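Working notes, beginning with the structure itself.
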């Protein structure tokens, strides 16, 4: 069993007067929705699902965080544009901006966690361990089942990692091109 | 903590060469979808959800059973009509017919379990205890979370019971009229 | 240009104190939704669309009629079962029962009009001519466009006939087997 | 009966090697989808509908044009951001950018046509007259019926104007605030 996951590398926060850390959320299940504001699958599926997760569970049990992992169209998806997006889409949960890297278009947390693209759903257990990393549109039944299982655990558990692949930006989501992560 | 729930009272089985009992499914989480074939909310929501539950989880972990709890239009929803319905809607999981009662229109299992109408989702834990009874359309995220929590348990656990109410047969489901259960 | 279509052959009417004829509806566009109560594509798509057509257009311009064209599971879809179905699904427009034939399972109007299965959407112009016969799920944009074009006509017009094919009872609808119409 | 509508006032075109004018499209029904790239109702409903209209009808009969009518968050919805949006959402039909005004945040065509917000659907007849201006999410059946009626006309016709109102940016769309159009 691995230890707690490394912290997110964040260049800005929205909707977070007191920016949370993974460590500060220890004891709760943490759901991170990694998205890009111009990613169709994030807008149509991932963001509504993140809102629904936030509405269903008690904040004492489950924390929901957005992570803006911009790996393409950086100028179009700057922080000012994100602020407008969060306002228009009525997103009220805390959203972190993944810190850009000097090494390429893929931002730091995205690279560190090896995310394949957006949307990605990251599920951390009560002990702060990254247990599931799911790329693409995850159906609600499955997301609920995984969160439910983590909820039922005390602060010990197993480890899982799942995902599936497509090329480019489809109805499912936007995949990081091979060259970008190399 | 209560003990195992009483068995279903069944007058006929479909899709079940060897009819299961709750006892025979001990060790697995059991999901019972109580429905009527002419209930709009069952057809549009409950049955597709039951199919999705069956597809998502391993049969070794989660058993899915349909329960035809006819409490109105008994002639129209006889066993021959149910057979045609199961064929047309491609329902492949075992379906039990709740045994009619001499005491009124509400069948025996439905009365015994105090179901409010259709659709109802009944969740039994690995120890055979009825843990959740949910009336109406339950969203997938919530159904998944409840099943996930039961899955994470060993054969001991708590007890819950939830539901909500409307009158008559609405978009949500068909409620048993007061007079019928009295 | 053909003349007015032959009348429906009807064994019973529901929701029609004064059963209409095609002739009595002359001057209006007439939309006939041919369905079976146990046809999944009819229940999920065709019937909601027929309700929406009825709600959108003025009854002075567009008449909406259901036609129960039972070609399989005749016992399960008898008139008593249909009455229960119409009640549960809150169907308020007139529904005709297509008269059964001695020659086979396909009822008379269905055979006369050469319908391929259910759901089918039949569109008659203001002059009573059958202008479009569409099998399967017709999307709302297309249904609207065809009705809109007929609405814009005076009581003269062209003729069209469209459809597409699949085998058996799929998500799209239930096709009449070859043997049944031979 | 009014004459042809004034031309769109456009500062840039996308997907249009030879930018069309209303005059150049005379003889066809012209559908203009006015949107903002950060308007939720445009993204979820209006743009898919515009794509569906383009796919359903022959280009010889119906022309589909997007009009980016930015009246808020101007910096976030600049032309570079729009280019990224059109790419990610796979929008292939011509899109015009409504020319900004010195008189306020509402752009020129939007002001000239008196649009209430986004999404708006503008339908021009074959003679170039603006016949319907619909604010908010228009259902497909209605959009189809209106286009179908215009299609059935020769180059003469009536005039209509419809719409409904809400405040701000809701599930339906984004309304121009009173102050902005004054």
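The letters A, B, C and D name the chains in turn, as written, and every chain counts its residues from 1.
By definition in this document, contacts are C-beta pairs under 8 Å (C-beta built on N, C-alpha and C of every residue); 3 or more make two chains touch, one makes a residue touch a chain.
Keep in mind the model is a prediction, meaning the values are calculated, not measured.
Taking the definition of touch as given, a chain qualifies here only if it contacts chain B and chain C alike; none does. Where chain A touches chain B, the two copies mostly use the same residue numbers: shared numbers make up over half of all numbers in play.
When each chain is reduced to the average of its Cα atoms, C sits farthest from chain A. Chain centres here are Cα means. That of chain A falls 35 Å from that of chain B. The geometric centre of chain A is 49 Å away from that of chain C, both derived from CA atoms.
Chain A has no residue in contact with two or more other chains. Taken together, the touching pairs link the chains into one ring where each has two partners. Contacting chain pairs (ordered by label): A-B, A-D, B-C, C-D. Per the touch definition, chain A reaches chain D in the complex via residues 38-40, 43-44, 72-73, 75-77, 80-81, 83-85, 87-89, 169, 174. The part of chain B that touches chain A in the complex is made up of residues 49, 52-53, 56-57, 139-153.
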